[in-house]
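The next part holds the structures, each set out as structure tokens.
Across the two complexes that follow, subunit A remains constant while its partner is subunit B and subsequently subunit C.
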Partner chain A sequence: MSAITSNYKKIKDLNPHESLSAGTSLCAGCGGLEGLRLALKELGDDVIICNAAGCMTLLSVYPFTPLRGSWLYTTMGGPVPAAQGVRDALDIRIQQGDMPESENLQVMVLAGDGSSNDMGMGPTSSAIHRKLDFIYFCYDNEAYGNTGFQLSAASPFGGATQTAPSTGLHPAGAELPKKDLFEIWRAQNPTYIATVSPREPIDLANKFAKAKLMKGPRLFICLSPCPTGWGFDPKETHLIAKLARDTGIFPLKEFFEGKVMHNKVPRKRVPVERYLERQKRFQHLFIPVRQEETLAQIQSRVDAYWSQYE
Partner chain B sequence: MKPNRKMMLTGNKAAAWAARLARVEYVPAFPITPQTEIVETLAGWFADGTMQGKFTNMDSEHSMFMAAGAASASGVRVFTASSSQGILHGLESLHTLCGWRVPLVMVNVSRALATPITLEPDHNDVLITRDSGLIQLHAETCQEVLDLILIGYHMAEDPKVCLPVLVNMDGFYLSFTREPVSIPDPGLVEKFLPKFKAVQPVFQASQPQARASAVFGGETYSWFKIQQDLAVRHAEKVFIEKAWRFSEMFGRYYLPVESFRMEDAEYVFVMSNSFATKGKSAVLKLRDQGIKAGLLKLCMIRPFPEKAIAKALKGCKKIAVIDQNIAPGRGGIIYPEIVSALFPEKTAGQKVLSVIGGLGGKDIREEDFGTIIQHLGNPKPEGPLYLYGEQDLNTFLKFERIAKPEEVARS
Partner chain C sequence: MLRIRMHGRGGQGIKTAGQILGSAAFLAGFQAQDFPLYGAERRGAPVTSFTRVSPEPVLERGPIGIPDLLLIADATLLESVRPVPLNGADESTTIFINSSLAPETLQQYYQLPSLPVGLNLIPLCRHYLKKANLYSSALASVGARLMGSIDMGFLLEAVEIELEQQGLAEKQIEHNKELAQKVFESLTSVNLQERERTVIKAGSLALLEPRLAADSAPIILAAGNMALRKTGNWRVDRPEIDYKRCNQCLICYARCPEGAISVQESGSPEIDYEHCKGCMICAEECPGNVIQTVSETEDGS
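Take a look at the complex of A and B:
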């Protein structure tokens, strides 16, 4: 494995090719879009994206597409089985000699955290079980973003969403911890899992470069700071993403051949408050009164996570 | 295997044979009674090399239909099958892949919908897909199942259609009933239905495409939906062409509607699927008694062949539309469609009676047709006639009595 790790060391090493052009109707500062752009730089043009209903639905609005590769809009729960159908069909055509190998495509699913953690989780689990040869790209903005930021199973404890607001009775907002999608996927031992961040382009590119050469289910969770839903200025996407890493809230890691490896481990973790205080969705933890207990819980959960590896 | 050999086949086996003869390359599958025998048979043929391509066990009908559509959009000939709750579960995918305009054939083995849950047939499952954009062909016999699947592929893959075709058969009455079925010569079938070559671009590296993109605004949405409507409507003409070609090669001819003893009929039963055989038998017996009865069988439900129906029923004064389905609060689903087909050339003094029977597999007995004739004789307009008599009530009460004998005795 070491032979194909760390191809890229500097930003200028990255592939200059763009498979996803500018000019989409997505929100300014969308972290997921930046993550996808970086991923496609590595994967190239010979990709078909099977898209789940979500924010990215707006990538291709008839009669435009920002992609050099192919696009198939499916449903919220259907992108993975669509990927299965495409993969099977391409395999059949190659096997029967109806299509040269040069026409082959990398099959990729694009889904938000809502689809990934909720409606689409069953079909994804089944595809991992079937060892479907595909790439899964989950842009995780921690809520149903496209409909205006409602609670998903990926919404974090202590964050407010439109359907889990902070009130006198429920001061924390979302009261349950985020579902651990990485660990749920890992239980099925897929070929590869990685978390990536648009703020870490070299790490992201290296992970896609690795995954590109593998077969089987290769799954990614991309931290996707969401200016409209999280409540910050679009120009701060990278700052938010940096704080997510530096506080240890979003661990960059990968799973391969039975092992979990952390990348870019923060040596001294910044207190989580630095990350939370910059976002409107956590504002109620500070104003009008500090919710000390909730803040302490968020910090202690992050510390508990890292204590497993320190 | 010898050409044109006749075999005793269930409807399910006939469907599997049709997929095999069509050289289907891909079957995404999920089991559900009474359809399971179809996918089991195909699984065996893919596993032992009789069929080439791939059989994939999916995790639900929602996933299965999605995989089927995506594979067709990627250039292979696809078959799949479902029933009842499976159709409901997959309904979102069905609407989606109709919009993708992908050619494939699926079989629905009709089974009534929950609640209450049952295994036996009626047509509420298939008619829930009525507005999805699927072309629907309904089979009366096991032979029709096989033939309509082959004609269905020819139609689905026509450049002017490019749509999924659903072939319907009744659970149990056809799915598990053996009938003699003529298996056409594979060489001839290959001439009728050559290897699949998609007329639209398919997913591959040299032809990137964005398919099923989002639209903004009613003008763009409407344009696509009207295109879809025109394509489904056009499929009626294409069906007639393909069925004619089929008859030239295999000697069996099909039309969107079949007229049985309609030449001088005064009383007409409008029916579909396997119970049409019971209807035909009743027509012959009624004619023995001097009652001029006839039957109009709907083979095609979508597109709705309204001109053919209006023509066949022109001048008929006593028509009973027998719906083996129920839309609570409205009645039969096909009834209003027939009435609207007749409306432009309405015959004076015409009575069109809505009849609801055969729900959840309940038999339609010979005497039921006599009851219908009596009601047709009544000149007054009346609401739906439920085919549910004393005998049916007694069967129901028999079970009640076993469970709670005192309460039933008291009532």
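Take a look at the complex of A and C:
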């Protein structure tokens, strides 16, 4: 990769500052919250977050906020237009001398997968086209978590959601494959794209350390194990995240200067079943009878993905 | 008509408890209505559920403001200056609290308008379900028993119907039925009667004057003040670090979603119990297994 490298190697290298205070009403064990906490450790306080309605909206509830930086709340389709407005306002004020350059802020969109893949996508595509200078942090809990776990375009094939349960007519639950947000962004050649996991704090911190020095559209897709919607004990959040990587279901990767690079590639991929069987949303694939065909399809899609790179 | 209101937190099965009680009443020949109310679908956030039971068609709609029976599954909800669960309760309200404390102690401690009924559901749930705070069947059973007009058979049938619909395995449903039966048999009925409705004097409709966004928008100017809200009372289990064996690898600090583990000057991790929600990630992740899981519940088991 390029000249921009950073080299955090151990946990002690992480920025000790907590930019996000405790006390929020997000679920105990929320993987998305852990991802955001680690990201903000690296980005620091000089960030203005433009948030799309979703679980993370519960971070800041009047009159309280866990953030030391700024926050602007919008609807599910609205965070990117909001980011454009904020970016423009900052640029103009600095240009006109109303505000010193030293007070400049990093503009970051914080949105769920529903917002990012569904109704927020149009404005996002336009903003990437305009080369808007912003970071987009998508915490991917693979459904509309805040409203009770309904299907999003990022819900995985074979998983059950409130609006796509496993039924006689649709035994697999969600029947369409997950939308590939990474590739959709890549088609527009943005500055940077990375996938991150709360289980890999060093990898995550290194990626944010790089991205914060760049300009232009920068996307982060953060694997966000969701105890409430995925159906597992909150203490297993990191175990689930580890299995997502070890099975190859969630590849850690970066896109920069025209190239895709994988990080922390599992040496030998664990069978996907090890990941699926621990979550209630996939329970119907195992009981009362094993849905062999669906399980085989999930495995073969993962294998097909990696065969492009192996 | 009897109006029953249940209070608990997300993840405790409060919504399902209301459904089971509604189904049980229906099976017993009553008309029933049940529905939950929550700000956001979230573990730990306050959840309320409502069940109306009547021999006549239930035409009343909306949240229950004046309950005949109040079932409080999580007593920490009462620990506030103006505890929401007591809304609309007076001397004639039957109040149940999930606690092992004596009714007199509970009444005094929480300043309740009437002497409550208490039973500690935690050890029972732990025994039958291996989960200390999943109250769906237990709380529905408390409701049915206190009402006095629903036979245990109908209750158990309702447990089965509702949990089957949620896709629970047969064995788990069986354990839930055993739990419901045990709770039913541990209480005596109060033969609940409908209360006199107090007529509420309503004020005039508020007139909203348009104001500039600078005055009326919810703008927060404090940084990080969310820490004033304590989430420590969400815990069922408490993680405790055995400092003698801790080698300061700080995995726990890196993994805690709340940022509730800080690093002391000595390099040791320290848990902030005022905010730790008890997700137990740290205990699960500690490579040396030096973080113990200690029960926070009254029975201490």
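For the reader, a short list of remarks on this structure follows.
Here is the rule we go by: the second predicted complex is superposed on the first by the 305 of 310 C-alpha atoms of A that agree within 3 Å, B and C clash if a C-alpha of one lies under 4 Å from a C-alpha of the other, contacts with A are read in each partner's own complex, and residues count from 1 in each chain.
Just so it is clear, contacts are C-beta pairs under 8 Å (C-beta built on N, C-alpha and C of every residue); 3 or more make two chains touch, one makes a residue touch a chain.
Fair warning: this is a prediction, and the values are worked out from it, not measured in the lab.
In the superposed model, A:28 lies in contact with subunit C only, and not with subunit B. In the superposition on chain A, contact is made by A:58 with both subunit B and subunit C. By the touch criterion defined above, A:104 lies against subunit B but remains apart from subunit C after alignment on the C-alpha atoms of chain A.
Of the two partner chains placed by superposition, only subunit C is touched by A:283; subunit B is not. In the superposed pair of complexes, A:94 makes contact with neither subunit B nor subunit C.
Of the two partner chains placed by the overlay, only subunit B lies in contact with A:75; subunit C stays clear of it.
In the superposition on chain A, A:67 contacts both subunit B and subunit C.
Comparing the two complexes, residues 45, 58, 60, 62-65, 67-68, 71 of subunit A contact subunit B in one case and subunit C in the other. Subunit A contributes residues 45-46, 48, 50, 57-58, 60-65, 67-75, 77-78, 80-86, 88-93, 96, 98-99, 102-105, 122-123, 125-126, 130 to its touches with subunit B in the complex. Interface residues of subunit C facing subunit A in the complex, by the touch rule stated above, are 10-11, 40-45, 167, 169, 218, 220, 222-231, 234, 249-251, 253-260, 262-263, 272, 275, 277-281, 283-285. Of all the residues in subunit B, the ones that touch subunit A in their complex are 25-26, 28, 52-54, 56-60, 62-64, 66-76, 92-93, 96, 100, 202-206, 208-216, 220.
Put simply, subunit A touches subunit C in their complex at residues 11-12, 14, 16, 18, 20-31, 33-34, 37-38, 45, 55, 58-60, 62-68, 71, 145-149, 198, 201, 227-228, 233-239, 283-284, 287.
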